[in-house]
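In structure tokens below, several structures.
One chain, chain A, links the two complexes that follow: it is found with chain B in the first and with chain C in the second.
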Partner chain A sequence: MNNEKKLVVAHAPYWHDGSKISTKNYNIIIAALPAVLMGISQYGAPALAVIAFAMACAMIWEVIMNLVLRRPIPIGDGSAAVTGLLLGMLMPATAPWWVIALGTFIAIIVGKQIFGGIGFNPLNPPLLALAMLVISFKGVFDFNVALRHYDLGFVMTYPLADLKYFGTEAIAKFSLGDLIMGRQAGAVGSTFGLGLIVGGLYLMLRGYTRWEISLSFLAGVFITALLFNLSDPAKYAGPFFHLFTGYTLIAAFFLVPEDSSSPANFIPMLIFGALAGLGTVLIRNVGVYVDGIPFSILLMNLANPLFDRIRPKAIGKVVENA
Partner chain B sequence: MTSKGEQAFAFALAAILLVVGVVCYAAFPQEEPEEPVRLMFKSTAGKILFDHKTHTADAGYGIACDDCHHEEQEGSSSCSGEDCHGPDSDPKRGDALHTNCKGCHEESGAGPVECATCHVM
Partner chain C sequence: MIKRSFLGLAKPRLQYNLVPDPIQELPIPGTVTLLLKEPQNGGGATALKVGDAVKTAQRLAASPDSAEYVISSVTGTVSAMAPYIDAYGQKYTAITIQASGQDDWDDEFKKEQTIDTALKFFEYAPGSPSFKPFADPEKSIRTIVVNGMDQDLLLTANQYAVQNEAAEIKSGVQALRKMTGVDRIVITVPDILVQQANTTGAEVKTVSATYPDGLPHMIMKEVVGQVVPGGNTPEDQGVSFISAEAAAALGAAFETGQLRVTKVVTVVGKDGKTTNVRTRIGTPLRDVLQACNVSLNDRDRLILGGAMRGAATYSVDLPIEPRTDGIVVQDEADSAQTTNYPCINCGECIRICPVKIPVNMLVRFLEARLYEDAAAMYDLECCIECGLCSYVCISRIPIFQYIMLGKYELGLIKTAEAASA
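Coming up: the complex of A and B.
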């Protein structure tokens, strides 16, 4: 008897629906445009510089790495452009060029290429780069310092920093409408809540991102923030403040549902998203960092192989060499 | 695999974005404005974000320059040392800022006076 495991595939016919990785990635770029354009309209040429340079650098690093490895150059699939765009959206408009060059290097080479390229990265590349940059260059990501020369006609202090250092009294000056409409200090492409929601809905409705992860992440943030707020309203901000400030919305729609670093089954997706949301608010409320997004999601990325073990039982039974 | 068209598009996009990025970085360098908008003071007790524009603008508190900046105002005699730098007349920046900021806030009954309402601890 031959007990070797055989490769088992479903039988024909197969059907290709015509969708390609590049179509998906360019759709993600289109979905991100409202938030990016708002950032550029607010901060002007420096914001455009950050976005354009980040996308270009990410693509160049991918070309260089694949030339070195003598592999086919995959930048035509748009994956590197998306990684660069998302990292640019997480940066302040004043980010120096060398931080962008280093950040895209971390995202593309360390975050993706050394694991084998697209589809093999265990961690979200832009978030890995953001986490390493935040830890290494705190000053660059202190939005109150970075944006101190800007006066855009609304409250220009960083909402999450006000909450962290001065408590809930200091955030009374932020109206929910302003936060949703992008009238808040922050990263280039992370402040325009409405634009991010519209982009996110587009991606979910077209099936490019999994709604299960995005919505469970938002639910995780909302419920955790609500519980903290109910326990001590004078100390902890309400759930809507956490939803519309910092990196919450860009993470929910563009970062957490990244294919390779998130689970594939229904229940694991819900757990993954909810725990990432919970971790975000935990770090914001009791941790040392102003925003917990990169660390909370990276932690869940690390736990992803465990989530993938929660899977439905196969129907039927195994027959040895039937 | 990606098609030749997609590959060419990606290379063109990368080239255009690189030019745009480099030109924007080169043409619009970060410069300090002539009159600061906000300042971040660093101190051992924690940094302080000071909204310079709100304090000086007519629509804000309308404070005159030489109410705070004496050394730059030639011929000004408004600083007698102790007024700004504390009772021991030791001209330290921290004492001057505390006397000026807190003094004015207490006098006008507006603005923060507690440590943790200015200093990021």
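Coming up: the complex of A and C.
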């Protein structure tokens, strides 16, 4: 008996496709790099500092919370790093350190850990933090004020603010090419449209993000903006302007398809994305906020459990009629 | 092991192994162990004692009229009888027989093509067919499906039978028709075996080579055109499944007058190399592995069945059973490890589930041990047990294990309710 080999038993299946949460998160970080590097090249060291500090803070908050709650510390899975990175990308390069520390606290602890950590957050953590910061510290997120000392050789006013306060004549100075190539004022990692699109395509093709949500969100933004624009071209900007300004692209590829706060069935994904897009343009065009991204997506996050009740009938399910 | 492809947009497609390997015949083993599905001291006096002489193909049962029996696969003497409990809690008596090396055939089996003969001699045939539904007055079987597909990836034992034993399957199909009175007999095969299947006299239907299309529930839906309601078996719907190997064993027995006591097993080594061997039922795994030059190390996995649906076992002394279609040996480095990460709701399982179960919600209920809610709201009983959800799970949750546990617990709850009602 003693010379028998000790075998390991486990339940089937004995194969796995090899996917891991850490791989997924590291790929998201890779996909975000083009936009981040563009931001750093434009704004220099302050942008780098915002990104690095946000990532570090997010990871530290997660470790602290896991220690306090005596839970295992899954810091290596990259989940906190991604949250920090995305929040950093949503901030202006001039964001003060305490806003970043507070924002990552909200994202990691209020947004994620108090619900039970990864997989349990009902709301998108970076967006929850952004929404609370935008409401609390208006000046920090007023890009026209925040970036007033910068002159990077292109129009340094925030396109969405111009649209909101001065109407469509004020946005004639933004060419579509400039907007796509990141030659616009805005947050560190959300102005370089082309980079975000490349990163988003990479994530969708590799299956790390749900293309249904990203594309339906963009379609929702486009169609709603188009309808507004058709109804009154003098008052409302065209759909392409909405697609390439503000947080639209970073939201489409990195924020809306966040796993645990978005639906997983096909039709709910389409509805979720489209309604989030619709809400975004509604808030931009008729709401009080310059950019509607955080609020419209958070609203949809809340409705997510309802969306996911729309699902195909399982094959073999017996519906008992009374 | 097939890994995720670089481009992950399309869902992975796992293909069955479609080219049966040539067979390697193994000599009569020194001992065989037969698992009698009845606890040693449970059902009446045991008719068998240590030291009894048994002949090849002799029927061994606890008592002469017991429904459970085994068919001795060698001639020799009973050397040990011990209780054995399998991974799912089923109790057995393990009867070990010291083989003499010669075959002395028992002559109790007569070529009478009746359902009683089937019940009395073929329940322990290779492929483990079940004839009980035909004798059950509550079930009316109208169709028999001879399944020429294998039940798991890499295995080719059934396809080997279709490829090389079409003549035996033909007489097996005739015998089935006569014994059961069922007119419609369908044989399901992959495309490349249609030619052989055409000679069997059964209605030929093809099945795609993509896992899990060879499983009975999928064949019910795609080929027979009847969806099996959750919690039911195909037999409840009037369709009985029998493997091609079992049909061939049936035919061979009625042609030669000798019950078949060998089983074809696909052995998958650590390098993924497959070998088909034919060996006596009850051969210890040790002998089969030795013959295939597969060596084991500590912490390896030894899996009875296939990689997706098999059962890892703990000892090389365990025998080949009539239902063992394959043996998979896996190195520790290659074996899938589960984690205690929570579900992150990525939806991979939903997209791959062949019966569209909302696995993301189901697994949450199962983790919380809400088995009845899981069945009522999230289709626990519809699961056809293919294991693909666990295969793609990025959190590496043992979803398949949760589902099997849930079904088991649900069975207990239902039994308790029925007992108290």
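Keep this in mind: the second predicted complex is superposed on the first by the 302 of 322 C-alpha atoms of A that agree within 3 Å, B and C clash if a C-alpha of one lies under 4 Å from a C-alpha of the other, contacts with A are read in each partner's own complex, and residues count from 1 in each chain.
Just so we're on the same page, a contact is a pair of C-beta atoms (placed from the backbone, for glycine too) under 8 Å apart; a residue touches a chain by one contact, two chains touch by 3 or more.
The structure presented is a predicted model; accordingly, all values stated were derived computationally and were not measured.
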item	value
Which superposed partner A:175 touches (first chain B, second chain C, both, neither)	neither
Which superposed partner A:316 touches (first chain B, second chain C, both, neither)	second
Chain B versus chain C as contact partner of A:148, first or second or both or neither	first
Chain B versus chain C as contact partner of A:157, first or second or both or neither	first
Partner chain in contact with A:45 - chain B first, chain C second, else both or neither	first
Contacts of A:165 with chain B and chain C, given as first, second, both or neither	first
Partner chain in contact with A:74 - chain B first, chain C second, else both or neither	both
Touching both chain B and chain C, residues of chain A	21, 72, 74
Sites on chain C touched by chain A in the complex	1-4, 6-10, 12, 87, 153, 217, 221, 227-232, 296-303, 305, 307-316, 328, 330, 332, 335-338, 340-348, 350, 354-358, 360-361, 379, 381-382, 384, 387-388, 390-396, 398, 400-401, 404
Footprint of chain C on chain A - complex, ascending	4-21, 24, 72, 74, 116-120, 204-208, 210-211, 259-260, 262-265, 308, 311-318
In the complex, chain A residues that touch chain B	21-22, 44-46, 48-57, 59-60, 63, 72-78, 81, 94, 97, 142, 144-145, 148-151, 156-157, 161, 165-166
Chain B residues touching chain A - in the complex, by the definition given at the top	1-3, 6-7, 9-11, 13-15, 17-18, 20-22, 24-25, 27-28, 30, 32-33, 36-40, 49, 53, 116-117, 120-121
